[in-house]
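What follows is a group of structures, each given as structure tokens.
Each of the next two complexes has subunit A plus one more chain, namely subunit B in the first and subunit C in the second.
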Partner chain A sequence: MRNRTIYLLLLPGALFLTIFMVIPILLTIGSTFFNEGSFSFEGYLHYFQDKYFIGILLTTLRVSLVTTFICILLGFPVAYYISKVGTRTKVLLLLLSIFPLLTSSVVRSFSWMIIIGKNGVLNKLLLSIGLIEEPLNILYTPTAIIIGLVHLFLPLIIITLIGVLENMDEDLLTAAESLGASRLGVFAKVVLPLSMPGLVIGSILVFVGSFTAYTTPALLGGKQRVISTFLYQNATTLNDWHTAAIVATIMIVITLLVTIIMNQIAYKINPKG
Partner chain B sequence: MKKIIKNLTMVSALALTLSACSSSDSSAKKEKLVISTWGFSEDFFREEVYKPFEKEHNVEIVLDSGNNADRLNKVRQGNSDVDVIYLSDYYAEQGIQDGLFEKIDHSVIPNVENIYEMAKAPLGKEYGPAYTIAQFGIAYNPDEVKKPITSWADLWNKDLGGVITIPGITSTTGPMFLDAASKVSGNTKFNEDAAFTKLKELMPNVLKEYGQTSEFVNMFAQGEIAAGPIMEMYFAQLQEAVPNAKFVSPKEGGYAVMNTVNIVKGSEQKELAEEFINYLLSKEVQEKSAKAKIDSPVNTKVQLTEEEAKGLTYGEDVINSLNILDMKFVNKNSKQWIDRWNKELAQ
Partner chain C sequence: MALFTLENISVAYNKQNILQDFNLEIEEGKFVSLLGPSGCGKTTTLRLIAGFLESNNGKFLYKGKDYTKVPVNKRNFGFVFQNYALFPHLTIFDNVAFGLRLRKASKSEIEKRVASVLEIVNLRGFEKRYPKELSGGQRQRVAIARALVIEPDLLLFDEPLSNLDANLRENMRIEIRRIQQELGITTVYVSHDQEECFAISDQVAIMNKGIIEQLSDPATIYNYPKTKFVADFIGFKNFIDFEDQTIHENEIELTKSGYTFIVQKNKENSDTDKKVGAIRPDNLVIRPIQGPVTSTKNALPGKVKIRTYLGRSYQYIVETPIGDFTVNQEMLVPYQVGEEIILEFPANNMVLVK
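And now, the complex of A and B:
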């Protein structure tokens, strides 16, 4: 009896999500299949034949995947290190690594403008030590978006990785080494598979975040648009909610697809994860 | 897995604590007039414009600020309590087409008689007047360009590779720049195809399109761009950052950007709102905003010295020299223009 009533605790949260999230999302998705009152896929066909839209989609995908990849590369060693230090240092380092999350993305984007701009700190430094002769054009390119997004989402992957790395049994590593595995072998065969759950959750968070980010691409990006700025243009400036809903649905589907693919990869590497 | 969730919870708890630090205002019993406006120079407007009106009419003025598109959208959604809305003519015309505004009887706004002909009813006699006219021209940094810029056509100069910005087609001045491109292509009457062909030629010079003027100011101040089309009213800000900066009325003519005031349909304060519009056009208010170099005056009774008029779009001759776009025409074609702009100019 007690076990059954405990489910009632879920009710307020579930109700809230149903009314304010599930129903609106279903309505949004449903509305995209109707064109002037009749059922059709025309909206979608139109978009997938549109070179301009495909271009935006590919740019966004590329930017988000590269961001995720860089976050993993940078985040893994940091997380590994933090998971191995003493409790007090760990708390301090953890706080420091989530610090970027505590400043608004607008402020962060503006600071990147100052750093990577044509007359920015980075270019001035490189020019003065003679490494380059012309200022680098980084600001207002997809590279700038990636830099901003990595800064924004790195904490997420670090936090999720620390969680799994902390619980990893030291003895497993010693055992692997004593049985003749090289350092690289230990990493590939033991550490990596065991950290898969954290890696997958972290990567999904970073990917979804980058894919849907609006502020950073709007401020740091240039002439090349990403999907969320395109959605914004349709919804608010053009007041074309039908198109906006179609774009939103495409975004949801892609996010789901990528999540599934990432889970599949994780399962291949560590079927028990 | 548990650890992950624990850490995530910690982060979200922190975020929540931070966002919970906002305060709520207690509402007074006084009558309220809700004004939707851009939000620039808010201190000035509060002190010099709203306060005297509040006192005289025993009313509390509440502001709702944001850019044109966002604010118009709020009104479109139908659940806002805005009474008076400031919009550029491009967006005001959209509001009119959607039937969002009350019709106004100009006879209850006597000050309309004292303003420039062009500003009286830019979008039809039944809708709000323009309370200021800004010139859309070109600003540039003379230290960063090889030759002085004097015309719209100069922006196409090959020397300016990657150092200019242009307004995006969805901003108020976007259609004006499209019209300018048509003029540069040699057409006296607007030619859409020629304008887009010409714009495509311009794209190698464009670093980034701007959606809000603050982006222009920022890029100009940081030295990312050397030139670009902008409204004269923002020139003072450019000069603050780059004292040598120059503003020019292009040879082919600048464009008139008219900022209008309208009353939102269903407003319970229609009379008071009309009173406010009348007040906004009065010599007193127009002179104050002109002297503070915030809005160029449309009231012809306002007299300014040369020093006071600096940076403003002032004087009958200047006003009459400006090109005006037919906003009905713009509105009818904007969807197609935006589509072409996205597809043909994207790189």
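And now, the complex of A and C:
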């Protein structure tokens, strides 16, 4: 009896999600298969033949994957370090590392504009020490978007990795070493596989976040469209809701696909994870 | 000849010295235990030998070569951890094969050696399981197999049985001893369990606060502890700090508060700075006061203060003019609390310690 009543606790949340999320999503997806009242795939066919759209899709994918990869590379050493220090330092470092999440995307993006703009701090510095002759064109390119997204999402990877690294038994690393593993070997054969659960969750968060981010690419990307700014343009500027729904469905499907693929890779590396 | 030697080793945590001027010499093929109370530095010593820790000064010599700075992964020592430290993401086969793969052994060789070492620890057929799917005893045997398979030059155990229940512990220690003798690997074994160390070792080192108080074979330690700490640790509960000592040809005469004690002389106790008498509760004898007076030596008048029933015997706390003594005595009709008695110290059961 108790078991059954406990499900009642789920009811408010489930109801809310169904009414405001599941049903709208299903309606949106459903609507994409109807063109002027009859069932068709025409909308999708149209998009997958459109070079402009494919270009935006690939850029978005590339930006998201590169962002995820850089976040992992930068986040791992930081997380490892934080997981090893004493409690008081740890709290401080954790607060510092999640700080980017606590500031507004608009403010953050404008700061980057000041830094990487054509007459920005970075270019001035590089020009003055003579490292470059012409100012670098970083702002309003995919690189600028990646810089902004890495800044935004690095904390997510760090936090999820600290979770797994903190719980890793130190003796496992010592054991591997005593069996003959070098530092690098210990990392590749023990630390990395055992970090997989956190790494996958962190990577999915970063990837999905980057893939769907709006403010950062809108401000730092300039004319360079990504899929969410393209979606917004169709929906509000062009008032083409049918197209917007199709793009939204494509986003959902790709997000799901990438999540599944990442899980598969993780399972390959650590089947017990 | 010594296989390895620790010379004047010091280890400190947070500026606090755990080992200081520590010396230890272990012979090839021997099974040596480090025994001592919790916190006395046993694990620290073992980790130092393994190379997990660095000493601040001193030397670690292995086969005459200076190993002090040789890193862990170049030492080829097998280490068995208290909590097993099996890799949770690898199968039993892969756990055991871990060290062989790092040594770039061929696939067929790996299969052969893993199979043979799993045979030794009685775990054939468990290759495909994961550590989570095994019992504590089985996990410990995997840990031993993983350390054995690399054919280590030295095998190190840190309280490997302390997470197992009593029955299993006894079986496992017999098994560990059998494997060690079969393969003839020099072994250092850490434990705080006296019986376990005595049962399993060629030599036992009793440790106290970062120093070795005595290193001998189990029987010598059991019968002739050298220091008060060792005697106390292995169950000599009663001590007398003597004031005076005269060494005769066959015996040693000692006095305390006017009472005289005779201790038989042997090669272990002719040391003149050993002036503390130690005797086990089992070896003290309580006699009724009205019995015939045999000797005034090795005897004290006393009164029973506390009596505890232990099943096989009674335990008494006896009050005497030179302090309280603990006595275990088997008897049908016990002495009463408050009863006046004579407490005897048989001359051949008292040992002298520092």
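Operating definition for what follows: the second predicted complex is superposed on the first by the 273 of 273 C-alpha atoms of A that agree within 3 Å, B and C clash if a C-alpha of one lies under 4 Å from a C-alpha of the other, contacts with A are read in each partner's own complex, and residues count from 1 in each chain.
As a convention for this text, a residue touches a chain if its C-beta (ideal position, glycine included) is under 8 Å from a C-beta of that chain, and two chains touch if they have at least 3 such contacts.
These figures come from a predicted structure and were not determined experimentally.
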Joint occupancy of subunit A by subunit B and subunit C, clash or fit: fit
Subunit B versus subunit C as contact partner of A:Leu131, first or second or both or neither: neither
First (subunit B), second (subunit C), both or neither touched by A:Asp169: second
Partner chain in contact with A:Gly117 - subunit B first, subunit C second, else both or neither: first
Geometry of the superposed three-chain model: angle at subunit A (Cα centres of subunit B and subunit C, steps of 10 degrees): 150
Partner chain in contact with A:Ile98 - subunit B first, subunit C second, else both or neither: first
First, second, both or neither for A:Leu8, with subunit B first and subunit C second: neither
First (subunit B), second (subunit C), both or neither touched by A:Gly222: first
Partner touching more residues of subunit A, whether subunit B or subunit C: B
Which of subunit B and subunit C A:Thr237 touches, first, second, both or neither: first
Least C-alpha distance (whole Å) that remains between subunit C and subunit B when both complexes are overlaid: 15
Those residues of subunit A which subunit B touches in one complex and subunit C touches in the other: none
Touching residues on subunit A, where the partner in the complex is subunit C: 169, 171-172, 174-182, 185, 189-190, 193-194, 270-273
Residue ranges of subunit B in contact with subunit A within the complex: 1-8, 11, 14-15, 18, 69-70, 73, 76, 94, 162, 170, 203, 206-209, 218, 222-224, 335, 338, 342-343, 346-347
Touching residues on subunit C, where the partner in the complex is subunit A: 50-52, 72-79, 81, 83, 85, 87-89, 98-99, 102-103, 130, 132, 146-147, 150
For the subunit A and subunit B complex, residues of the former touching the latter: 51-52, 55, 94, 98, 101-102, 113-114, 117-120, 137, 139-140, 155, 159-160, 162-164, 166-167, 197-198, 201, 222-225, 233, 236-240
